[in-house]
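Structure provided below as structure tokens; questions to follow.
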């Protein structure tokens, strides 16, 4: 098991390219005694360095799934393997971007960005070097010493992203990381994310509500059913990289995928509307 | 000044149709002594019962603007008129949907939805009647007795919406109310919102990051500059209602608007990227 | 002297009199009030005593001065009484339960004579000038020592006996019943001397009331004084009954109460006649001046300190006891 | 996501420690303590100390004689009145201080000063005003109890999420509704800690009040048996006080679950 | 949006009350109080009470004689040692109790019991173990101070946002880093309220410790002048204690701004 620290562009020696980095095997999860069923026999395979986008109706269990993969909560049934090892607790080489941002209110932007690095005991020199780079990447230069409450919603969300990227994890779990951003900033961030991914390849599970985003970022898109969530369908995006957003949006494949996912979601949401 | 309670479909007697319901007059706002300039001479007019969508880059001052309009914080310069009266404090006939949801963690879904009504001293019978309707409207039947932490992000966001709708305000200020919803649920919510709006017309200031959403919902769209925010351009959507989302998305006008807004946003975001 | 406990018509119209006693639970020296109550002496005089106990004379005095009229008589030691007097409150001593010192110095095994105290640690709760230290000083002076020849340990009241038991002090002045209790705990301790014998002219305590109460109901106070004088006399005549009452209220075991009774009765602690004679009182006030409790400038006179009339009336009614060196 | 929405959700990882239930751990821990005390007490064998079995024997005697019940009753009356008074006055005053700057600054020096004032200085005034019986004692217990409640409530109010206050203001909440809907629930953990502290202080205040005014109740028992070195009997009221402390805190926890269920619902998962 | 992100941002609406500064309000309020005391004291004219001008005169005498300084010094040493000890041990123990269920359940009954135990019961044990001198007093002050800190810290830890704990776990934070990054800052308002309570209790504990062991310091002054009905002189150490209470709380506020700036930065807007 590696504890982060990759900086090169060469794929890490550990995982075999093409093999599965994340294996989600028949996960079931219920909450509380009353038993809100969040996930039911949910399975998913993510090959090394793939970007897998997850789309599903609101409340279908996406966040719950990421929390289980990160080792934050145990599944009721099933198991998760990362790089061949079963997940029982959080690992330093897996980082998560939280839907609720999860910034520490008492830390400034730069200390929040440095948080993961500090926690993992990186050298202060390395931290001093990395933090400004990631603050720049998320476009918050000038706000290094601001506290979270002094930032807009979108700015806070970007800090959460920088914090996860800064530790340069092997697996990145992202829960709607661009949900609070305007279309343009979002596109900018997508580009930055892909740039990081190209220079330091990593496996990503990317939850999003934007079909466009899923198609632009993902190698594949996993569609989830309504609660209790299962993987309903996995769609190969099948477009070559680098993808230009404008071009993609105009392509026939995009419109086809969009239509398909849209329809599938509609079925889930409308059927689920009753309960 | 009215204190809510409209139920009919007839426009209220107070404001003259066509007159301005919300007048934002040269608002300037700086935060702190260091002085993050959030808004600078921002002006905007919203006619009675219009839906005005606001789009702008992340951190440009949209939330700040809504907070000023709601009377939550004072502007440094300029003033806001609602229905002809200057705003100095929150009014009961203006309701806000918060970007951060703002649910009370110690109240269940139904009590959160009822919160505004209770606070405004409505009769318990009226509340008992209204709450289930709005819980249904947001698709959370069965979760009435759940606490916020037991809900997914998107579910929480919808509760915040129901709370504001329930008081049936004259002016509705909405700060990215559908940001955490998947595409389909979002569309469902848009439809519900328009249905409410048709049966109980109200003036809306609707902040969104989705250009599609702005075009589908808005009578006009206000584009904001990057921080410090001003209104850069106001665009007439000029499509008849009711609008069918599918049809709209295929129309030439939509693509044209989309292209235009997209471009304008790009200019703002890219120029603003430096600081 | 036969006591007809609370007999006759007087019983129907008993007047409630509030007493504030300075220790909880009382030591045997404080027992006359309870004796008067238990044996019906108070009832005989038309009195129903309500006895409150406090932690220290000052608290008892405060209850008398400020307690909303619920206390008619407080029974503090002399230092707080004189101190309060000199601060200008109108207080009067109307009687007493002890003019002589009812305390003794208890010492560790190796101290056989007063002179052995040289270089030893003496416990002085309340510090220099407090009652305990004054007594210790008296003891030292009786054999030509001074405080400079010993070291004082200002321990707290609650810690006195633990300090003796753990050898952290070598000597301390205690009430006689406490002495016997300490000896029970550590049998090697013993009494070096009774202070009433070392300092025969000491004034220990008084029954105190306020000027207002005297003006209000002098008759009642006269009865109180008379009843208390009778109680003092009763104690000498009824050892067993007194010990019974002592065991009941002091909470010490019977053997300790008996030994204490014998010591105190032998010394004649409880006055059977006036007790508050001018020489005792002026000497007592003078002692407080010397100790610095009060300054000479505000020293109260005998007349300011004592309301003599009630005692005189009591003597007239009850007759004077004579014929024993203990009677005073 | 609503602020503090998931606050407290299993805020601490809770291990089962070989699967023992909380009650089992508590009982075990107390048993170990009692046994250690017994052993130490017997070895030390000092008149200044005692051990549990002797205390139990003494308790049996005192209960059989009706003494314990008698003294306990008068103490409990004083304690409950004083504590309730402190809660009823302390919470609103704390909220007021937290919400109104003028009141805060005007009252603040008095709170800090009074809280640091030893009782002896206050006693004479109390005696002048209220005598030395139950009324005075209740007020003394009240003075003991109010500060933890007041100060904690104040801090809790200051700690209320400003964003939620803004939500309430947006809906034009009246101040008193704001207290009810927002300030009090959000300060609940602070207030509960304050009450917990007040219980402990109140128990002591009850005894101390008895020392300084006229001595009655458990205070009387303690003084009496301390002066006569009946350590076994002395520890009977002391142990009663300890048990009252534990029991009242337990009762508070129970109440907490009833009046502030969200603090617990949240912890279940 | 991060939980409690904007917590405390002007949590209470703060009015200026005719534009008076906080300090002005404080000074005014204290002046009113002192004048009222003076008037009442002169009217009451009792040996059980006094008034500020008499206290000032007495203070002048005692300072001129060097008495006040002498006794103050010995008290302050005891107070500071006891208080620091309570902070240093109370906070970690509180965090431990909040984070580890086994420790919580094992320690909990002792905390509740000890906190409700009157000092008189503890004194003999302390005397046997530690004698009468400074050591015993420090331990007594410590016992007075630790509970508010411990109990408030515990409650603060329990109140930590579980979502942030999850973030820390996700980054594989070690437990001690979690304390530093998350638990302590988030419990800071609780802990500070606890320390504020401990200061008041410590001041009293200092005096009480002096009553119960060897009588020295301010406690000695208080006992002595209370017993001789020198109310003016009695109030000199009492007022000193009050002022210490106010000053220490002020110092705490200042420290708060330095070690927990986020609590204040947030309130400025």
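Some observations on this one:
We just call them A, B, C, D and E in the order they show up, numbering each chain from 1.
To be clear about the criterion, a residue touches a chain if its C-beta (ideal position, glycine included) is under 8 Å from a C-beta of that chain, and two chains touch if they have at least 3 such contacts.
Remember, it's a predicted structure, so these values are computed and weren't measured experimentally.
Relative to subunit B, the most remote chain by averaged C-alpha coordinates is C. No other pair of chains has as many C-beta pairs in contact as D-E.
Centre-to-centre separation of subunit B and subunit D, using mean CA positions: 48 Å.
With centres taken as mean Cα positions, subunit C sits 86 Å from subunit A. Within subunit B, residues 31-32, 99-100, 153 each touch two or more of the remaining chains. Across the assembly, subunit C contributes residues 62, 66, 158, 162, 166 that each touch 2 or more other chains. The residues of subunit E that reach two or more other chains are 1, 3-7, 9, 46, 48, 120, 124, 127-128, 163, 223, 226, 231, 266, listed in rising order.
If you check the complex, the residues on subunit E that touch subunit D are 1, 3-17, 20, 22-23, 25-26, 28-30, 33, 44, 46, 48-49, 98-102, 105-110, 112-121, 124-125, 127-128, 147-148, 151-152, 154-163, 165, 189-190, 192-193, 196-197, 199-200, 203-204, 207-208, 222-223, 226, 231, 234-235, 238, 241-246, 249, 266. Listed in rising order, the residues of subunit C touching subunit D in the complex are 20, 24-25, 52-55, 59, 62-63, 66-68, 70-71, 158, 161-162, 165-166, 178, 181, 185-186, 251-252.
Across the interface of their complex, subunit A is touched by residues 31-32, 36, 55-63, 99-100, 139, 141-142, 146, 150-155, 158, 176, 179-186, 188, 209-211, 262, 265-266, 268-270, 272-273, 275 of subunit B. Those residues of subunit B lying in contact with subunit D across their complex are 67, 70, 72, 89-92, 94-96, 98, 100-107, 115-116, 118-120, 147-149, 153, 156, 160, 167.
On the subunit D side of its complex with subunit C, the touching residues are 46-48, 123-124, 127-128, 130-133, 211-215, 220, 223-229.
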